[in-house]
Amino acid sequence: MRILISNDDGYLAPGISALAKALESVAEIAVVAPDSNRSGASSSLTLERPISVYKGNNGFLYTTGTPSDCVHIAVTGVLPWRPDLVVAGINHGQNMGEDTIYSGTVAAAMEGYLFDIPSIAFSQVNKGWAELESAALVARDVVLRVYEKLPKPFLLNVNIPNKPYAELKKICATRLGRRHESEAVIREKDPFDREIFWIGPSGPVRDAGEGTDFHAIRSGHVSVTPLQLDWTHTSVLGDLKKILE
Amino acid sequence: MRILISNDDGYLAPGISALAKALESVAEIAVVAPDSNRSGASSSLTLERPISVYKGNNGFLYTTGTPSDCVHIAVTGVLPWRPDLVVAGINHGQNMGEDTIYSGTVAAAMEGYLFDIPSIAFSQVNKGWAELESAALVARDVVLRVYEKLPKPFLLNVNIPNKPYAELKKICATRLGRRHESEAVIREKDPFDREIFWIGPSGPVRDAGEGTDFHAIRSGHVSVTPLQLDWTHTSVLGDLKKILE
Amino acid sequence: MRILISNDDGYLAPGISALAKALESVAEIAVVAPDSNRSGASSSLTLERPISVYKGNNGFLYTTGTPSDCVHIAVTGVLPWRPDLVVAGINHGQNMGEDTIYSGTVAAAMEGYLFDIPSIAFSQVNKGWAELESAALVARDVVLRVYEKLPKPFLLNVNIPNKPYAELKKICATRLGRRHESEAVIREKDPFDREIFWIGPSGPVRDAGEGTDFHAIRSGHVSVTPLQLDWTHTSVLGDLKKILE
Amino acid sequence: MRILISNDDGYLAPGISALAKALESVAEIAVVAPDSNRSGASSSLTLERPISVYKGNNGFLYTTGTPSDCVHIAVTGVLPWRPDLVVAGINHGQNMGEDTIYSGTVAAAMEGYLFDIPSIAFSQVNKGWAELESAALVARDVVLRVYEKLPKPFLLNVNIPNKPYAELKKICATRLGRRHESEAVIREKDPFDREIFWIGPSGPVRDAGEGTDFHAIRSGHVSVTPLQLDWTHTSVLGDLKKILE
């Protein structure tokens, strides 16, 4: 199996090293990741200028582009082979509920899936990289358990509690929960009395009911949510048709 | 009615001026848009640094942030009122099928929807701004026809052929079509013999069957697709649960 | 006479409009300026990626590059003619003493001079654009008075008090004064408790003796300082030679 | 002695590692450098947003700012001590003649000098890092030979041929030579038929007479040029005064 690895924290982040190390024992791997931190990049693509690719001291390829750029150019030209699997992460912090919309790590996996390649995004629930090796082992487990059995292509979003491997509860299939709306923007003055705005934190959880990613994580499980990319709101189509007739 | 207007082409783009002009006759409007072209921005958020807001010569507010940043900070702090509707566009070029995943204009509307505010993204099918006033009239029509009748909140993605208003066929409710995978990355040498990579064009259409946005546009209709933001792939959940047991 | 105009505040800044308006009565002009504010750009050049050039609604060309990029590409390829004079500004705030080292406006003029073209940088002493038309008249006066008489090429740095034209004292030739070292960096926490650093203000004036730009401005004069670009510290060469023998 | 080290090629560049290694045997060192390649940054300062500082895996501090930002914030707040010397480099490629105006490495040294701290910029003449250890030894030699003897503060610009240490000729004090004007901008079409512009190469040498940096390097010597930052063109002042009277 050949695996392409990317992330949004940059090619030097501890999470991508741990992921690469865990997977190189079970597959041929290649890493193509952003040159620096692109958290919050979502599926942004670089359309107005070219992207450069370099090789880092750690042997990973890094680019001047976004996470989606990395997977896009790796799959369509940079790598000598087409990956059997794209994995992204391990992300520095959770991607649950609507976090998935903003996450560059989820976007990197989405980009693989858009090329009909099975793809998985991995995130640690808490920041700080505690128990990172445990998370890397979980990532390898997930790859080994789902790759052969799940109809391809698939897109999975995995969140892993920062716990020792032995203390993790079993891996659960979940749906995305929902958050309340984000906190208000934070309005400050800079030292020169100019007004500046910081995007506030994510909202608190609104739907953490049974079956959600939030519920699984709160109970100490690893959460695996299958995602799709047809955003059509099918249940609204009927109403809309009537209104537009 | 109070409407927040944003886009991804920047606050000076012809599309946002036309949209603002068309809507100010039916609502109180405010424009908060990026300072420059952010095409392909997707739902990227600026998390590592603050955002500044300025007032342009045209009276619009513009920011150093992304389309999603603009709507986010407008709704949670910059505007004196909470909008009843968020509209984004009119985008320079179509957003159909998987284009929606990368579009900053669709993302601006998504951001409104994430705050439970009804939101609509408008795009002209062809670049070059031909028949822009016709598109602006259509945008006003869509707002007036759906706002009261469609259950709130809603998220709509509208594509408009570049045709005179009188020649446009009726507005159709559609689902997203699908494209084939994107063209390969374009590999070049820069003048200094360094290798550079350009993201290639979108793929040709794979699913333009009846009912899709591609089908409606090809037939000369205006296409309106309702979107949702729960990306859970429900039909895969059962399989995944069995595999993980 | 053909004049190329640029700045570092961006092609939409009031200062560059006023300058263009004042000069178009005495010369053929072309404006090529950055797309957005690049204050503090110094002589930075864009070497790792290409630059795009667009035409603004105001008829000015604007680029995705720095002030030096703008002049560089205007002179070597974008303009149909080679300028007889490059002017930069009118800058939003003074460029005196060591300010000249960081200023993108002074750098734009330097770039013209590096191509052996006479070049002048104009700045208003105070921010806020008060008495901008007065400053534009002064700029025109300086151009008309020095262009024919001063041996070419030359590089001049002009600072103009924000006063009505009738109240300005005469134009003085000056040398650069000196500031004390800059204020300390300003250390803050962002809202997420991450440490951030803001570059502090310029230092207070150390040498504002007679003959300096600071002295002229304090006395209500317009200050014109001739600059050169051979930075060799000739008076140190002898000592250094002895040490290295 | 305490030495602050910075550069413009980024904190991971081979040149800065070699320089740090060579100097840590003779002084206490601290490295504060940009997060990525900032070649051509000149003395640009980040004035509109804050700068972040991180610690790299190699123990060096790196920032989201420019070379001048790095030295500025290191000297005025980040370091626990005020450096006795600022060194920058070893740069990837020569900085001779007018190159000094654009170089971020020379700018980093200039920034130290603006705080009245003795400062030295080091560059290898050819790109590719050949004989980097030899250059690092030369850098240490220069520091040891001039620091005590040259009146402080001083600003030196050092260029080193890519040759084995034993083959280098002696270190010469030089003045800056001059180049002819830069090559024309390179005009291309991007793959989407949009016009793009690349800054062309530096011009060929115009003044490589005896005593210049170009002459020393061509003869196989290490070149050391003392620089100053008072850009007043004193010899023009008289003419200008007459014209303005």
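Lettered A, B, C and D in written order, each chain numbered from 1.
Throughout what follows, a contact is a pair of C-beta atoms (placed from the backbone, for glycine too) under 8 Å apart; a residue touches a chain by one contact, two chains touch by 3 or more.
Bear in mind that the values here come from a model prediction, so they are computed numbers and not experimental data.
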item	value
Contact-richer chain pair [B-C vs A-B]	A-B
Listed pair (A-B, A-C or A-D) duplicating the C-D contact set, over half by residue number	A-B
Inter-centroid spacing, chain D versus chain B (mean Cα positions, whole Å)	46
Chain B and chain C, separation of their C-alpha mean positions in angstrom	40
Mean-CA-position distance for chain B and chain A (Å)	23
Residues of chain D whose C-beta touches two or more other chains	48, 50, 52, 188, 190, 198, 200
Chain B-facing residues of chain A, complex	37, 39-48, 50-53, 63, 66, 68-69, 72-73, 76-78, 98, 100-102, 104, 107, 110, 114-116, 145-146, 149-151, 154-156, 170-173, 175-176, 178, 181-185, 187-188, 190, 194-200, 224-234, 236-237, 239-241, 243-244
Of chain D, residues touching chain A in the complex	12, 35-36, 50, 56-57, 190
Residues of chain A touching chain C in the complex	48-50, 52, 64, 186, 188, 190-192, 198, 200-201
